Amino acid sequence: MSNIEDKKTFWQKLKAWVDGEEILLNADKYIATRTPKEHKSWKDRFSVTYVKENRKLYAILSVGISVLFIAIMLSVVNALPEFGSPYNPSNNEVMVRYLEKGIEETGAINFVAGMILDYRAFDTFGEANVLFLAVMCVVLLLKKDGKNFSRQEEQENAEDDYFDTTEERPILQIGAKILTPLVILYGIYVVLNGHLSPGGGFSGGSIIGAGFILYASAYGKKRMQRFFTFRTFTLICAAGLLTYFACKSYSFFTGSNHVGYEISKGVPGDIISAGFILPLNICVGLIVACTMYGFYALFTKGDI
Amino acid sequence: MSTGIQIILLAFLVACALGVSFTPNLFIAVIIFMGYSSIMAVIWLFLESPDLAITEAAVGAGVDSVLFFLTLKKVHFLKGTREG
Amino acid sequence: MEHINWIHNIPFFSIFLAMLGGIITALINNGKIAYKIHMAIIFLICIMSGILLVDVAAKNEIFTFMMGHFPAPWGNELRAGPLEALMAVTFSVVMLLTVGGGANFVFKDVVPEKQHLYFIMLNALFGAMLALIYTNDIFTAYVFIEINTIASCALIMAKGTPQSMVGTTHYLIISLLGSGLFLLGVSILYGITGHLLFPQMKEAIVELIKTEQYHMPLLVVTGFIFIGIAIKSALFPFHSMLPGAYGSATPTSSGILSGLVLKSYIILGIKLIYCVFSAQVMESLRITDILFAFGLSGMVMGSVYAMKERTMKRMLAYSSVAQIGYIYMGIGMGTRVGVTAACFHILAHAVTKTLLFLCCGSFVEDSGGKEKIYHMRGAALRNPLAGIGYTLGALSMIGIPLLAGFISKVYFATASVYSPGKMAAVLIVLGVSMVLNALYFLPSVIAIWTPAKEALNSPSPSVSPAFAVSVIGFIALNLILGIYYRPITHIIQISLDLLAQ
Amino acid sequence: MNHLETNFYEAVSVILFGIGFMNLLLQNNLIKKFIGLNIMDTAIYLFLAAQGYIFGRVAPILTDGVIDASYYINPVPAGLVLTGIVVSVSITAFSLALVQRLYKHYGSLNMDEIMRLSREEEGE
């Protein structure tokens, strides 16, 4: 605001300011002569942008903050309960019930699965929603819509398609031919045994998704699209989530109102046991597999 | 007994994290990050959490890295890595 | 079969209904239908929350709802009292009016084949905000904070312009930093208390304070959790994400984000203060004083930035920073009266700021997409309804009697009497900030009512009935809050007493 | 109470958090920023999981039919971390998609550069 002495009366300046114009009435002339220095008026002095422009100051500042943070946290860690001790506050009645009553109450012999899908299922429902929202965000960002797709990308995609269909990639393709079924089978195993062994819907689902990604990268997306289009993708995701939703609202509603029928827990250790945990794992597995492949497809071609 | 191995693994983690910060090359940074996730998966096993290990191996080292590589390809960072 | 208490099921129903809306909308490839579903769901939730409010306020009760078959320390829980019900009602009414009045902006700004995605995000956002209001479990709060973050980023970037992408990136990075700190706080807190549900945590913390164990970790935890919440709700030094994001987003999104999303984090913070870290603990750890100081500086600095801003939406964003400062000042007074004033200001700001953003969006549309204030000369003459709405909103923000903003300022001033050490600071800053508010709002009001120098030959805009209804609704809400404020503050007071038990 | 040597897991996770935080603040490159964010998240998960470990106990999956709480480690942190990992992969995907869109328009991965270009575009 240094060249403000443009022979305007105070009144005129005030009027201009009230009108919401630039401070000076002859703004055009002013803008033409404006030096870039004007950008650093006092209002920016405290802003992040100003500090960022001073690279050196900024670097010292951020390293300083991080080191300070580490120092504070190390002293906190110093005062925290001892690592690995059985007498810590977190090893309390909550954990004891999860471990001792878990099999009886949830039917799952993987206590973690029992905990996240039955005792604290609301969190896990939120988590499934996070994943769903994230993939919808990626669709919103990257799906071709005429507005966000340039000619150059069109061309790059066409080139990629050309290579996918004509190029011989024996090592990749033979490897994929052998590996894909194994990977997907293993993923299905992990999903179905979520309540019996480590793993569950999420890890198994991402393994299946990885299998799809392997197949798609070896044989091109055209082959994948024969059985997996955007429509199937949304359908599977929404159906999985809806089933999840239905199961959980049933158990929340009946649980808190003390009504309805108890779902049979089966024999702990059997594949068909543990009430809702197996169907929930399958739903989560489906959602995750589709989501992972969806990320891949949208990232490469902007479409599924 | 295995405390020594655990400390070595944790040291590797810190080294990987520092490596990511100081490599100028994005490609190398993503590969180091992949290594970081794999080490993390082993550490989950030492902490007796196989669920986390299997998830971290599938997600952190697998899908996450694929997503990072695809992004690198899209931003034309991998140009010249494939002839034709 | 036992008797089912349907009213106690309302929090659960409203969260799940909103989530269900999000899932179903994914299957519908049509923005208009998605919009109708969304409106129907919010309307239902609004009615249900109203019933809940009437019931709990009459019975003066606070109840917990088991999410599943397992009671408190083992399963998740929801908790609802008059405060939660009041917030749920306000949020759903404001959401209904904003989306109803702002749907045209959405249909104009978002590509047709992606409009339904916008409504998925709105549904999920609404569900997550309700969950944040009702939750009684700190980890659930974290999960829903993340849903909130993702959905609000999606709302910002839905417009698809490069500027909105930049705004989103900035917003995303800073809010992820906030949720990272929050999660770190949660994990240390779990380590030293061994619980995740609020009531059990509170007991454990009281015990820790009594035995003077883990004093340092507790202090740092409280610090991290509140810094996390402050970053998320854009308290003054962490506000840098707001102007870019709000300035570039669709007006509907800006209104919802500034009016509701920021507030949902603050409500979580208030619940944490009363249900986890009791007010005494906060006082003894001096957290309230820090919040108070940041609140005061936010009030002044936000207004100063807003004065320097020439773009209307960005000016409103900075004004939000100042108003968030007011709320934190109220919380920082450390007394129950102060928090009452803060809660009332949450309502007043939610009602006013969304109105301002909607009217601003309509001015921008009328002036052909130009956003500087001097482009909007005469906008109010072309579109009198929006002009009246904007003027009333601005007057309410400044604090003119009969409007909501005035009452909250009176309450802040009264509350300051109860915290002697802070009284002078509160009164001085309140006065300064009112003057500053007037200084940046009045020029824009004068600008929109002054005839344009050169006649703009754009056709006179037709006001859609939905927009008119929503503006009138907002004005009515503003007047209600400004005139019949007694019952509302009474509800807030009794519910804070209940919460603190 | 001095537990810094025994709490080495927590100590390392705190250092990792610091490094990730520094990356987030200091790196201008968006991809590196987001890698830093991921490191920060995993550091918190390490911290959380370390809270649940108990020496000499086994993973919380029924082994040899023993139903006794003093035989297994605490399952709660593992469950929370599992949720957290899902959240962080979703956010990674979202942020990388954003990076692609930004690159498409501005042709740069540098946050400062992008901010500058966008400011130039905005201020006529």
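Here the chain labels run A, B, C and D in written order, and each chain numbers its own residues starting at 1.
Note that a contact is a pair of C-beta atoms (placed from the backbone, for glycine too) under 8 Å apart; a residue touches a chain by one contact, two chains touch by 3 or more.
Keep in mind that this is a model prediction, so the values were computed, not measured.
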Count the C-beta contact pairs for A-D and for C-D, then tell me which is higher. A-D
Euclidean distance of C-alpha centroids - chain B vs chain C, Å: 38
Between chain A and chain D, the Cα-mean centres are separated in Å by 12
Rounded to the nearest whole Å, what is the centre-to-centre distance of chain C and chain D, using the mean of the C-alpha atoms as each centre? 27
What is the distance, in whole Å, between the centres of chain A and chain B, each centre taken as the mean of its C-alpha atoms? 18
Would you give the residues of chain B that are in contact with at least 2 other chains, written as numbers and ranges? 49-51, 55, 59, 63, 67, 70-71, 74
Touching at least two other chains at once: which residues of chain D meet that condition? 8-9, 15, 17, 19, 21-22, 26, 50-53, 57, 59-61, 76-78, 80, 82-83, 85-87, 89-91, 93-94, 96, 98-101, 115
Which residues does chain C have that touch at least 2 chains other than itself? 139, 143, 146, 150, 153, 157, 188, 190-191
Interchain pairs in contact, sorted by label: A-B, A-C, A-D, B-D, C-D
Chain B partner contacts - residues on chain D that touch it in the complex: 8-9, 12, 15-16, 19-20, 22-23, 26-27, 29, 31-32, 35-36, 38-39, 42, 45-46, 49-50, 52-53, 57-61, 73, 77-78, 81-82, 85-86, 89, 92-93, 96, 99-100, 103, 109
Using the touch definition from the top, list the residues of chain B that touch chain D in their complex. 6-7, 10, 13-14, 17-18, 20-21, 26, 29-30, 33, 36-37, 40, 43-44, 47-52, 55-56, 59-60, 63-64, 67-68, 70-72, 74-75
So in the complex, the part of chain A that touches chain B is made up of which residues? 110, 112-113, 163, 167, 190, 198-200, 202-203, 206-207, 209-210, 213, 292, 295-296, 299-300
Within the complex, chain C is touched by chain A residues 17-22, 41, 43, 46-48, 72-73, 75-76, 79-81, 88-94, 97-98, 105, 118-123, 125-127, 129-130, 132-134, 136-137, 139-141, 143, 145-148, 234-235, 237-238, 241-242, 245, 249, 251-259
Across the complex, what residues on chain C touch chain A? 1-2, 4-5, 8-9, 12, 16, 19-20, 22-24, 26-27, 65-70, 73-76, 111, 113-114, 117-118, 120-121, 124, 128, 131, 137, 139-140, 143-144, 146-147, 150-151, 153-154, 157-158, 160, 188, 190-195, 204, 214-217, 220, 240, 301, 304-305, 308, 310, 372-374, 376-377, 442-444, 446-447, 450
